[in-house]
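A single structure is presented below for examination.
Chain lettering (A, B, C and D) follows the sequence in which the chains are written, and residue indices restart at 1 in each chain.
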Amino acid sequence: MMRTLTFTEALREALHEEMDRDDTIFVIGEDVITHGGPYKVTEGIAERFPGRIFETPIAEAGIMGVGVGAAMAGMNPVVEIMYMDFVTCAMDEVVNQAAKMRYMTGGQASVPMVIRLPCGVGRLLAAQHSQIMESWFMHVPGLQVVVPSTPGDAKGLLKSAIRSPDPVLFFEYKRIYTSRGEVPDGEHTIPLGQAKICREGEDATIVAIGPMVQKSLEAAILLEDDGYDVEVVDARSLSPLDTDTICESVRRTGHAVVCGEDSSFAGAVSEIAAMIGENCFRELNGPVVRVGSPHVPMPFSSELVKHVVPEVPNITEAVGRVMM
Amino acid sequence: MDLSSELGKEMYRNMWRIRLFEEEANRQTSLGSVVGALHMYCGEEAVAVGVCSNLRDDDYVLGTHRSHGHCLAKGAESRRMMAELFGKVTGTCAGKGGSMHIADFSLNMLGANGIVGAGIAPATGAALASKLRGTDQVSVCFFGDGAAARGTFHEGIGLGALWKLPVIYVCENNQYQQWVPRMNVAVVDSVADMAGSYAIPGVSVDGQNLVEVYEVAGEAVERARKGGGPTLIEARTYRFYGHSLGDEEQYRTSEEVEEWRTNQDPIINFRSTMMEQGWLTEEEDAQIQNEIQDEIAEAVRFAEESPYPTPEQVTTDVLAPAQEVA
Amino acid sequence: MMRTLTFTEALREALHEEMDRDDTIFVIGEDVITHGGPYKVTEGIAERFPGRIFETPIAEAGIMGVGVGAAMAGMNPVVEIMYMDFVTCAMDEVVNQAAKMRYMTGGQASVPMVIRLPCGVGRLLAAQHSQIMESWFMHVPGLQVVVPSTPGDAKGLLKSAIRSPDPVLFFEYKRIYTSRGEVPDGEHTIPLGQAKICREGEDATIVAIGPMVQKSLEAAILLEDDGYDVEVVDARSLSPLDTDTICESVRRTGHAVVCGEDSSFAGAVSEIAAMIGENCFRELNGPVVRVGSPHVPMPFSSELVKHVVPEVPNITEAVGRVMM
Amino acid sequence: MDLSSELGKEMYRNMWRIRLFEEEANRQTSLGSVVGALHMYCGEEAVAVGVCSNLRDDDYVLGTHRSHGHCLAKGAESRRMMAELFGKVTGTCAGKGGSMHIADFSLNMLGANGIVGAGIAPATGAALASKLRGTDQVSVCFFGDGAAARGTFHEGIGLGALWKLPVIYVCENNQYQQWVPRMNVAVVDSVADMAGSYAIPGVSVDGQNLVEVYEVAGEAVERARKGGGPTLIEARTYRFYGHSLGDEEQYRTSEEVEEWRTNQDPIINFRSTMMEQGWLTEEEDAQIQNEIQDEIAEAVRFAEESPYPTPEQVTTDVLAPAQEVA
């Protein structure tokens, strides 16, 4: 059997291997040296790659702008935003600069930058420390959006993201940093833009994002009891979106549920659902149903949070609904 | 010193309230009753109390992620704050905010804030509101030394200075920004020195000395109230605990912490002053501490006995209830 | 016949009438005094309401933060962001502050702020001066998103937006500032959250946003020749979205096309299309098709721009497709 | 003056190139060949030329919305720039960028920018790149006085100062921010005075005096190249035209403009200096102006005769072609 690592360890390994391979790669962010960042992903880099990791003051716009400039000047920055919520302090840099430089310069500029975004609920930190917002960046041409759901994918996708000549928003769900899974040793890359069929099935397709993949797999097992053989597709790459794999699956099963942890309204699941509806209408035998959070900020109280974050029963219920 | 015995006792009591509230909250965290992050203000009490003791009820205060002290010093009830930390519906924010978002609008405490530097421009805006209404309310914004690096510091203070608004920018320079020593990531030692860029007064004070903070803030508040515009105050201080709970504090020595705790405790410092002035007896001191202890014990009881919010409350307070909308 | 005004004049009238009515309202933004803003919407306010309009340095985050604080302290700011693209410099203030304050404080805070956002293509100003991004703000709970398409709606919606106790993102498509239309004199408000059926029809529903409403009406006339009787719904309010009106129409016609000027991918049209697909599946006789820009930054050259912005033929083509 | 006749002529020629390029672009706008915004740099030529004449080909430059001068001074071809303004495929950015986004990466001119203040942190980043690679390239960022109010000024310069990077921040203080006089919206007159907040040298120079700009920038570039860290240079200057075309300029008097045009024209100023030094004859002067005139006429011809981009090009350059992706 393959060795297992935590999600965090897998990311760390990817960073180390890539920094070893290519000395244009450097890391920049808050507390990335002293503490390895809040989730310790960058731990050990200062020792192994001295001078290639920059711990900054609290200045997200500055950090991101430095990343853009260094990237345009030939380097490969990996920017850590401590919590994705703080990327709101650097949106011009991401959206008007990083994303548009190649286009505005007629192809001259390349901005090979990875922006790591710890996201979603973790400890109870309420509305300003729990956001996800994948759909914001999907909506921006020139950005790539990647969401690994397993340690193996975390490693393979981060390596590909680092090698990409264009900016990548790399979403790391805080809740799964400590999850374990198989991770290949050494060179292991997963092309951006490819979804993965995690479980084959004939009756319905669940397209899932991030931690909802694992929950969908759990739901699929429960649904067996109801006699439903469900296919689970990990979207993995939200932009570019692998419409081929998703549509091929839905055409086969005739039913689709799209699950994400973020709020559904104008969320990533809406794009996927709209796309399926547009492309697979003739083959669909039921509506495309979305599963996600309600349209509310993340509350603090644990008693409220548990009614916000979607769980397995929300998925089984949705599948039941589309099969009716 | 233009302090009275009465005001001194009030301030002394307030510092103890902050200290004991937090130590209890800390204990409740280790018991699992309080969850989420808890950024301890202990060690910095003289700043919140020294500044807020100059304020009227209708003056505005905006805080940070480390705002238990600011809220209590502005007059928030410890039991409702404790209930908030417990995630209970009786909390200041009905359990929806937690430690980083405690607010009490009935006291014009417009909220702690989870985003570093995010209160500076809003405090400027609250000051603009008073100016527009023609009241003489002032606004106070607390923020850390880390926030001074953010663009919002520059833009927010810039606007306050431009319009000569009644706002006091109070930087609590505790020499650390999360796990990083300030001077690892800053080029100027004193945040007060940055006031020059905004042509406003910048003053650095010993944040462990309540009297000094009280007096410097008093001048700033008076100037602001009279239309003299903003002041940037830097209070040099220290946090006795880690950045938040669970911090291993590998970035500083235990000797350093001990030194501050032993010789630079703002409460102990001020107790000596009070005693020297003959404003506080040993008995009064014991009584104050006992009263606060009781208050905090009652706060915990209140929090424990309060109900959680109901599932229906997940979807309220996103927008105002429909009937209020025009 | 009712008098006509331009879109700009209608906005200006709304501002004047509201400022007259309620002296907690003030205006803040760049060049709003000296020039009345780039589109002269705030012209005349400095003279008529001295001391209630603030011309600022270039500091969008500061401006927005000031708006939030003033609103929490009881005022009603109308913030002008010169071009919507620059709201990227103030996203924390909009998303983490204005939007979440009521919720985080358990209902104590009210942030009655209007954020005016001139958007879309106008003169050829390329990628950093032509964005729309309605879907970003739709996705944020606590924000309302309004998009008027006519001068009459511009007046009525701006007045309601100003009276709303919660923040409103008010999108003004630059291209239609000079368009003319009927505008009621004096008190005229349009409730937020209500779509409008602009043309009744039986064969298909076009749900349109902003300038696409007018183009949809033009398309509807052309489609008559093909024998299609098309209903046109102006979404007007994107959040809260009037799902009732939209679904009622689609259920009646059995076909839906959703048109917006912004790029479709993860755009406002995706939410509307996904919502229709989820709620009206049984009544739909064809896929819900989206019309919008391709997923590219706005180019500069007029020869490129004309292939980006969707026009009438894109709509007629889409309706043809859903009717097949 | 450590200038030579040769370098003097080169700089003189470059200023004329900017002046005549823009006046022609302006004319083409009124003819309808050039569309979109055109932010004229005329009047400020000595800043771009004085600074860039100190740079090597491999040094980095980042600009603003008003960057024709910065691009030409760094060596960009006038004909490709003109083609860009015409929206033609032969333009520096294949017609995709236009006036506000002209860039020439072959010259390390990393682009004009439509967002005020957006180049400051990226210039810092380019400087970090040279430091990481161990080259001695320097970066220069131009920006207006308006940009000094933005948070990116504070954050971007703060990081450059912290890491002592080889970057020169050049503020072109032309005393207006779009249609607003600077002192209506600013509290400190001199942007150079803000350097104190970052513990770096801040120098104010007469931006209409090419020699002064050249020398002050020369010192800053040398310091940066030798590892001495950033400098903030404020060049006091003036734009002879409105903010962009169509500006009615009601915010300033025509006398003020006339005064600057007559007595503070950087090209005329420098021509006198050159003549005084005996470095330029009337004949040489006429020849230079003629050559540039021909160059610009040729640029227009080139732009006119060039094809537009094809519809297929709408969707290219969003991401790198697939084969380049790992």
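Simple rule for what comes next: a contact is a pair of C-beta atoms (placed from the backbone, for glycine too) under 8 Å apart; a residue touches a chain by one contact, two chains touch by 3 or more.
It should be emphasised that the depicted structure is a prediction, and the values quoted were computed from it without experimental measurement.
J.: Report back the single chain whose CA centre is most distant from the CA centre of chain A.
T.: D
J.: Between C-D and A-D, name the chain pair that shares the greater number of C-beta pairs in contact.
T.: A-D is joined by more C-beta pairs in contact.
J.: Could you tell me the distance, in whole angstrom, between the mean C-alpha positions of chain B and chain D?
T.: Distance between chain centres, rounded to whole Å: 46 Å.
J.: What whole-Å value do you get for the distance between chain C and chain D if each is reduced to the mean of its CA atoms?
T.: 36
J.: Distance-wise, how many Å sit between the C-alpha centres of chain B and chain C, to the nearest whole number?
T.: 40
J.: Would you give the residues of chain D that are in contact with at least 2 other chains, written as numbers and ranges?
T.: 93, 95-97, 101, 113-115, 149-152, 154-155, 158, 162, 185-186, 318
J.: I need the residues of chain C touching at least two other chains; which ones are they?
T.: Each of 56-57, 59, 61-62, 85-86, 89, 92, 96, 103-104, 126-128, 141-142, 295-297, 299 in chain C touches at least two other chains.
J.: Help me check something: in the complex, which residues belonging to chain D touch chain A?
T.: On the chain D side, the touching residues are 60, 62, 91-97, 101, 103-106, 108, 110-111, 113-115, 118, 120-130, 132-133, 139, 151-152, 154-156, 158-159, 162-163, 316-320, 324-326.
J.: Would you tell me which residues of chain C are touching chain A in their complex?
T.: Where chain C meets chain A, its residues are 85-86, 88-89, 91-92, 94-96, 99-100, 103-104, 126-128, 133, 135-136, 138-139, 141-142, 239, 263, 265-271, 273-275, 277-279, 281-282, 284, 286-290, 295-297, 299.
J.: Within their complex, state which residues of chain C touch chain D.
T.: Of all residues in chain C, those touching chain D are 30-31, 33-35, 55-59, 61-62, 85-86, 89, 123-129, 294-297, 299-304, 307-308.
J.: Considering only the defined contacts, which chain D positions touch chain C in the complex?
T.: Chain D reaches chain C through residues 35-37, 84, 87-88, 93, 95-98, 100-101, 113-117, 146-147, 149-151, 177-180, 184-186, 250-251, 308-309, 311, 313-315, 318.
J.: In the complex, go through chain C and note every residue touching chain B.
T.: Going through chain C, the ones touching chain B are 24, 26, 51-52, 54, 56-57, 59, 61-75, 77, 92-93, 96-97, 101-110, 141-142, 144, 159-160, 163-166, 189, 191-192, 240.
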